[in-house]
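You will see two complexes here that share chain A, one where it goes with chain B and one where it goes with chain C.
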Partner chain A sequence: MFVEIQHHLSAWGSFDTWIVITASLAAMACALPGVFLVLRQQSMMGDALSHTVLPGIVVAFLLSYGLRDAAWISPSTQLATLPLFLFGGAVVLGVVSAMLTEFVQRLGHVESSAALGVVFTSLFAFGLLMIRLKADSVHIDPDCVLYGNVETVKLGVAGIPRATAMVAGLLVVNLILVLLFYKELTISAFDPNLATTLGIRARLMHYALMATTAATLVAAFESVGSILVITMLVAPTATASLLTDRLPTRIVVTLAIAFTTALLGHAMALTLPALVFSRLGFPEIKDASTAGMMAVVAGMLFSLAMFFAPRHGMISKALGQTRLTFRLACHDQLRSLYQAERAAALAATFEPATWATRHGSMLQHLATWSLIFTHQVTRTSHGHQLTSRGRQSAEQLMKAGNEHAPA
Partner chain B sequence: MPSESVSPDVTVVPPLSIHDMTVAYQRKPVIWDIDYVAPTGKLVAIVGPNGAGKSTLINAALDLIPRASGQVQFYGGPYRKQRHRVGYVPQRESVDWDFPVSALDVVVMGLYRKVGWCLPVLPRHRHTALTALDRVGMADYAHRQIRRLSGGQQQRVFLARALVQDADLYLMDEPFTGVDAATERAIVEILRELRSLGKTALVVHHDLQTVAEYFDEVILLNMRLVATGPVATAFTTDNLRKTYGGRLMLVEQTDRIIGKGTSG
Partner chain C sequence: MGNNHFGTSAGIAGTFLLLRKRSLLGDVVGHASLPGVAIAFLIMELHEPQSGKWLPGLLIGASLSGIAGMISTVIIRTCTRIKEDAALAITLGGFYGLGIVLFTIIQKLPTGSQAGLANFIYGNTATITQSEVDLIWRVAIVAIVAAGLLFKEFGLLCFDEQFAASQGWPVVLLDLILMGLVVAVCVIGLRSVGLLLVVALLIIPAASARFWTEKLSHMTLCAAVIGVVSCYMGAVSSALFSRLAAGAVIVLTGSVMFCVSLYFGTRRGVLLRWYTRRQLNQRIATQQLLLAFFEILETSVPPAPHQSLTDTTVSLDELLPKRSWTAKQLLRSLRDAQRLQYLASHSEREYRLTAQGETAARRAARNHRLWELYLLQHADVAPGHVDRDADRVEQVLDPEIIIKLETALFKKYPQMAVS
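Let's look at the complex of A and B:
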């Protein structure tokens, strides 16, 4: 199998390298605003924004071509400035959808996700309607506007593909924004009321984040396609949230996961389908969509973190729980042996405390064994007895128990 | 500097004056016609039954929710000009405690205004925050993620965050709710320390038993102001009955409460 993987990867060329570079830059650029969306518990906002920006893009598109047709700008300027127009449209619609959502939420007395659902479907429908209405005069294909494809990176200026340069610029801009407004973004997400009383307009920061997210979506859509963008907005930071407890580390880990996802995704797109499908009897299937495979990898990394994360993972939580249950069972055994011993002493008879340990659950037996193993309990012919060490720890437990008892 | 921020006019201009304030949620008024002038250098309890509008009073004064009518002045000026002189301690449940920040990070947030837009937090800011954490007895927990603190410890972090703001007037929303005895003592100690520095605190408080012990003045509120003033004159059985109506089982015991408070 290893040889097979090596064989599939041996075809790796500079083209593949460019795909990975482009995809990882795009992934990191998207993951950055994603960190704050997830922190604000607005993960679905990215998904919604990807639809609500459509009317903005259509209007920007029509405006750009309208200006050219009216001879206000030359065709070459029009082509050069079209991305800026699209950015502008997306940014405006990002803010508009955030405002509309708040408006619907307040006026309709519904929860924010319901308001978001209403706003994003309406705006998307509105965008589609505009395309239909204007389809005769200007050619707009939603596919070409919204859905790029990372496998079609073409070489641009100075050997660097245009899409790569675009997402690299995007990443730099987003990095600068996060570094500059780190405090403001954090406090508005954590405690908007405090932010407001300090004079940091939490709502303004919210709109700014929406605008940045919308611009990121549009820029990245065109370069690497929608699946990848939606995945990278939420998945890397969701994984990182299971691994980290501090925001700066979470941001760094998020970026690292985004990069890893892109790299692994492309490598697996080249190798995994051939490996799997040739065994299933479909040797003609050789590779899969890179963006799709990156989404799969993102999901896999999240699952791994969900199970194996050191503190927040399911396994470590279950282990911690078991350990606690076991420790409490040990304490119980120590205490009941101690109490039996005291009762026997009071009755002034030598009646070894066997009853406390003779019957019991599996857990209690395990606890007794571990106490014997740690020399806190000995097995005598009469049953189990505390050693002097065991008596000491039992006395400590009784004392602690009395202190913590509710007054 | 703290000594300079308490300017001579403090004694003349009240920390907070509310005139004719009404707040409504969806056309239904929550608090009506509030007229209140806060004293300087006093600890004031805001007392009233659930739904009386205690938190609303604070939030509306701080422009966090819109007012239907009325004017609010802090030290003789509108809130947006006096922010630096007002510290706010929100209810503990108002934030997401799973947020990836440490206790120290939360306290540093109280300094964000002083740090300034787009500028990084410097070691001296962290030092100030650490000192405040030490004042509330939380220095050992500075680097712990806030979810892994107990309720009382979380409340103390909030208090430390208000302390670093170095304000002259503090508005606190139920700082004593759901905290352990040690935290309650720590909060009271801090409040008294603030008072000795000539600062004022308005505190939403639930435990009638401790009002007389902890506070100098009360605001009795049930949608309207029932009574305000020094505990001795305003915190009476009669006023409590008016505030709580028939709902207060404790009304029968208020004589005892008040008696205990004044003797203790």
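Let's look at the complex of A and C:
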């Protein structure tokens, strides 16, 4: 199997390197605003925005061609400015949809996720309808707009693909924005009311974040496709939030995870489908969508973190829970032995202080064994008995217990 | 036909989903069903070539992966520190990515029977066959009947989950059934409106219905009707004009109805709320105006009890500094008060109270001051949320307390005594 993987990866060329570079830059560019979107609990905004930009793109497209037909701009300028038009249209629609959502939410007292759902589906349907109606003059395939392919990275000037340069620029801009507005973004994400009292325009920050997200999404759609963008907005930072507790570290870890996801995703897209499908009898299958595979990898990394994260993972949480239960059971045993000792001492001072410990659950037996193992309890012919060390810790426990619960 | 049943079931399931504040779950289920469709296609194709597009098989695959997606959001939300929204987005992305991977693989299969699977993404009513329609409406009927039978239980689940649990209802099971209902609706919607828009039919009818009624049964009915109308309009228009995509028209019809409901809804509509708020503002303004009149008159008229207040006029310049109102606001309240016949205009800027106005002003002042005294003397037992301008002192307080307060009041303001 390793030979097979090696074989599939041996075809790795400079083209694949560019794909990974582009995808990882795009992933990191998306993950940055994603950190704050997830903090503000607006993760689904990415999915919504990826739908709502469609009408913006269509209108910008029609506008551009309309201007050419009306002879306002020459055909060559029109072709040159078309990407700018599409970009502008998409960003405007991104902000408009954020505003519309808030408008519906406030005006109609509609719950926020429902408001988002109403707005984004309506706008998307509107965009689809326009494409259908203008099918003669517009040659937009929604697939093309929304599901751009990383695999179609073309070499541009100076050997650097245009898409790569674009997402690199995007990452730099986002980094600068985050560094410049780090304090404002953080405060208004954690506590909008505090932000307002400190003189930070929380709503302005909200819209600025939306505009940045929309711009990032649109720029990244074109180069890597919407599915990757939606996932990269949320998954790396969610994974990082399971691994870290402080925001600066979380941002760094998020970026690292985004990069890993892109690398692993492309490698797996080249190897995994062939591995599986050649065994199923389809030797034709060589590779699969890199963007899709990256999304899958992002999900897998998240589930890994979900189970195995050192502090917030499910396994370590379960272990911690068990450890706590066990410790409490040990304390319980010590305390009951101590109480029995005291009771016997009060009742008849001359009787030997040994007792059978409480017979009971598996947990209690385990606790007793561990106490014997740590020399806090000894087994005598009469039953279990506290050692001097055990008595000391029991006394401490009683004291602590009395302090915490005076009753 | 199949479409209409779909609209009904979507409206009903959406109502419960909206009330449970999980509207976007439909979106996740829609996206999560994609890998199921692809896997089902692959399995059927491996088993017997050219059989991959058997709809029941594809729908079963879609339901299974939809359920898997839903369960994974629930696990992420309950077992980790990740919030609901991120859980939804991660599940959506991961499953949809898997779907895309499998679709690109399917496209490269040599069997060539994969054409038309893309209909699941955007939906296509034009190419539905009769057997597919039959399947869709049967599933829809089952969903509707299930919702009808469990209506009370679902209602309880939506409004007070803890109470339902404490009453011994199997809350988890009910929740699962409700989610299963949502999955069923999403899956049968895939074929006609597509996975990208199926969420619209879960959210929009329910959200629109919310503006018209406060009763769960009415809301469900209303959402079902809106769902049906949207689906019917979509089917008709795409049949009449071949260029209109049915899915998009269905959603846009729903959006138009949402906008209409948003403004004209008879329970929570914007216009209605605006009107009631205006009414309230007007009432408060009139009360304040009468109070201001009384305050001016009690200083100018000799402070004897039973003295009539209707003879003395009050000028605009006297009224203006009494409250923090602008001249424009004051003039508007004065107009309103004249319309209610509380005031009569004496000259251009002079007004006096009518007999009716005097009664109202005295009552307003009395209530206001009684409340003031009450809060000063008995604030420790003050009811927190009384409407202190309203004429309800007698309804809220005990008669003994009122008598005590009135004695104190007349001691402080002798002119308040009324015959």
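By definition in this document, the second predicted complex is superposed on the first by the 388 of 407 C-alpha atoms of A that agree within 3 Å, B and C clash if a C-alpha of one lies under 4 Å from a C-alpha of the other, contacts with A are read in each partner's own complex, and residues count from 1 in each chain.
The rule is simple: a contact is a pair of C-beta atoms (placed from the backbone, for glycine too) under 8 Å apart; a residue touches a chain by one contact, two chains touch by 3 or more.
Every value quoted in this text rests on a predicted model; they were computed, and no experiment measured them.
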item	value
Clash or fit, chain B versus chain C on superposed chain A	clash
Contacts of A:L107 with chain B and chain C, given as first, second, both or neither	second
Which of chain B and chain C A:E341 touches, first, second, both or neither	neither
First, second, both or neither for A:S241, with chain B first and chain C second	both
Touching partner for A:A288 - first (chain B), second (chain C), both, neither	second
Partner chain in contact with A:A298 - chain B first, chain C second, else both or neither	second
Partner chain in contact with A:R132 - chain B first, chain C second, else both or neither	second
Which superposed partner A:E222 touches (first chain B, second chain C, both, neither)	neither
First (chain B), second (chain C), both or neither touched by A:Q41	both
Which of chain B and chain C A:T197 touches, first, second, both or neither	first
Superposed model, chain A: greater residue contact from chain B or chain C	C
Candidates 183-191, 237-245 or 255-263 of chain B: the single one with C-alpha clashes against chain C	237-245
Contact residues of chain A, present in both the chain B and the chain C interface	41, 109, 241
Chain C-touching residues of chain A, taken from the complex the two chains share	38, 41-44, 46-47, 51, 104, 107-111, 113-118, 121-122, 124-126, 128-129, 132-133, 135, 142, 147, 227-228, 230-231, 233-235, 238, 241-242, 269, 273, 277, 280-282, 284-286, 288-289, 291-296, 298-300, 302, 306, 312-314, 317
Residue numbers on chain C that touch chain A, as the complex places them	18, 21-24, 26-27, 46, 76, 79-86, 88-105, 108-110, 122, 196-197, 199-200, 202-204, 206-207, 210-211, 243-245, 247-252, 254-255, 258, 262, 268, 270
Chain A residues within the chain B interface of the complex	39, 41, 109, 180-184, 186-187, 189-191, 193-200, 241, 244-247, 249-250
Residues of chain B touching chain A in the complex	26, 59, 62-64, 80, 83, 86, 88, 90, 94-96, 99-102, 105-106, 109-110, 112-113, 115, 117-118, 120-121, 145, 161
